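The structure is given below, and queries will be raised subsequently.
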Amino acid sequence: MKALRFIFYILLVVMMPVVFYMALVWVPPAMGLGDASRILYFHVPVAWSSVLAFLAAGYYSVRYLTKEDYRYELYAWNAAFTGLVYSTLTVVTGSIWAHISWNIWWNWDPRETSAVILLLIYIAYISLYSSLKERPGRGKISAVYLIIAAVVMPFLVFIIPRIYWSLHPDMIFNTKNKFDMESSMRITLFTSMGVFTLLYFFIINLMNRAAVLEKKIQEKIHDN
Amino acid sequence: MDNLLIHAENVSARFGNVTVFKNISFRLETGSSMAITGPNGSGKSTLLQIVAGLQRTVSGTVTRRVNDAEITVENFSAHAGYTGPLVNPYDMLTAAENLAFTIKDSAAKERVIHLLDYFDLYKERNKIVKHFSSGMKQRLKLIHAFINDPVIIMLDEPGSNLDSTGKDKLFAKIEELKAGRIVIIASNEQDEINLCGERVELGKQNI
Amino acid sequence: MENRIYKHLKKDILVEFRNRSAVNISFAFAGITTIAVSLASGGIRLDANIQSILFWIIIFFSGMSGLAHTFIREEEERTALFLAIHSIPEEVYISKLLFNLVFFIFIALVVSPLYIFFMHAIPVHFTHFCLTVLFGSIAIASVSTILGAIVSKAENRGTLFTVISFPLMLPVLWIAIMNTTASLEPGAAPGFQSILFLLAFSGVIISASYLSFKFIWME
């Protein structure tokens, strides 16, 4: 376990600068958009991480309801908190990019809207969690909220943008080649996404371990 | 006679970070009765609710069995009767409407009439509960606890707000029901504690 | 089970109507906001999409004031434990859902004619308009039933309910607004695809709620 974690850290420490080099120096700027278009290599991975956070929060919530292990309650909260940070970053970087390419900061495009809704769901979860203070069912009740939110998400992310026309380029499931990407851009984007995924797991893992330790220390203090 | 078991092992409760009680264990079988005692805030009601399965977040385990079948949330009201200060019938319904809501089988109708009569509420059965006095309300709560002929009876301060006739009737009822059932009472009243064979005292341990 | 649900509904209806204030306030709220919006717009002929936005905002806030009430009442009048002891979680959920569905369809029945009358919003595609209102209301009622159960256990219920329900109701509002706009425009040819969307949404939410309700109800 320890060795595995070590390899993981090395990979992250080596690959992160590589991604920065690729995104900022190696890859040519997108046509007509200039160097500013390089924000793409951070916007997409950050958006991806906010979805990862949502999946993680949902997974931990289901685990909490089925296993009743107190640690999953802490994990789900951590995942939601990272989700809040990541989706804020997504909205901010997306808005910058929208300004660069369409010369408008915000236009309620279905993709933008779904990013904002994800952000609102995280805010709602955290408000709910804090107003359930002192309730024994706190973890379970907020876990149910996340599960209901997870059930709503596919409607937002997959169905609505397909019913309604969107300005946003479909990056990954690109079948009609709406957005022409050179292979170097594609390689950079996927490397960046991979490394940001590693970074996400690194962060959530660290937070989870810290939360469990903190809880144990608190219990020790109150028991003595 | 039913083969009953309530077995609590190392049950603890905490509110936030404050430990209320720790490592409570007991074992009750058919025909036994137990009193939970302790000063205010020592967790009597909490322990009773945990034993009843109405609060699930605990450390430790509680086994509730009727003839080798587990008592769960689903079949709770068929086997167990529970009442306490936090169990309030609907204020805007009459006593009869409240009882009609909680009754499980139609055969129990006669039992309800008998209970209403026994606790002197028969004449008031069509009055809205909101207009009841606290003593009448307490008697209605007790009827609700006995309504489905439970084999496990859990009462939290059953004598509160009752006058001496009400108490005498309640105690006679408990004495009558003790045989073949399990009775648990959470209380600080000496006469209620004396009804029970065994006792658990909370608030005496180092918290 | 059916018999039990009937008992639950009878109890809820009796309690609500003897209490009357909550139900009255919800209906008064719906009526008054409709009239207030129409007064404020002062008889200006609004575009179809603005009219449908206003229409659904009124419906949304009418729902906010009434739909969480069925669960909040149990907590506020301290009858939740009584209810929990004498019933199983699933029958509580189903009866509350049915109660909310019927209640909210009535609210929509009050708002829609008032709105059409005061705002001169004549639905050209009448069937389409009615179906959108009906299934939109069903979708909103099914989301807010489970969220009402969640919020009833928390502090600051009223404001929190709006915060937690808005993001989850947005898909419904979004589709319903687009649909209503289409039904108000003579040139539009509204499809039934989006009504299916509302129906699928309600179905998925109700199933997820049915399965997870017991975790909220028995803390």
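Letters A, B and C mark the chains as written, and numbering starts fresh at 1 in each.
We adopt the following convention: a contact is a pair of C-beta atoms (placed from the backbone, for glycine too) under 8 Å apart; a residue touches a chain by one contact, two chains touch by 3 or more.
Worth saying up front: this structure is predicted, and the values here are computed from it rather than measured.
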item: Closest chain to the centre of mass proxy, which here is the mean CA position; value: C
item: Most remote chain, CA-based centroid, reference being chain A; value: B
item: Centre distance in Å when chain A and chain B are each reduced to the mean of their C-alpha atoms; value: 49
item: Computed distance of Cα centres, chain C from chain A, in Å; value: 31
item: Rounded Å distance, chain B centre to chain C centre (Cα mean); value: 38
item: Of all residues in chain C, the ones touching two or more other chains; value: 219
item: Sequence positions of chain A contacting 2 or more other chains; value: 133, 136-137
item: Set of chain B residues in contact with two or more other chains; value: 55-57
item: Footprint of chain C on chain B - complex, ascending; value: 54-57, 73-74, 76-77, 82, 86-93, 97, 100-102, 128, 144
item: Parts of chain C lying in touch with chain A, wherever the complex brings them together; value: 143, 146-147, 150-151, 153-156, 160, 163-164, 166-168, 170-171, 174-175, 178, 193-194, 197, 201, 204-205, 208-209, 212-213, 215-216, 219
item: Contact footprint of chain A on chain B as seen in their complex; value: 15-19, 55-57
item: For the chain A and chain C complex, residues of the former touching the latter; value: 65, 113, 117, 120-121, 123-125, 127-128, 131-133, 135-137, 140-141, 143-145, 147-149, 151-152, 155-156, 159-160, 163-164
item: Contacting residues of chain C [partner chain B, same complex]; value: 7-8, 10-11, 14-15, 18-19, 77-79, 81-82, 84-89, 214, 218-219
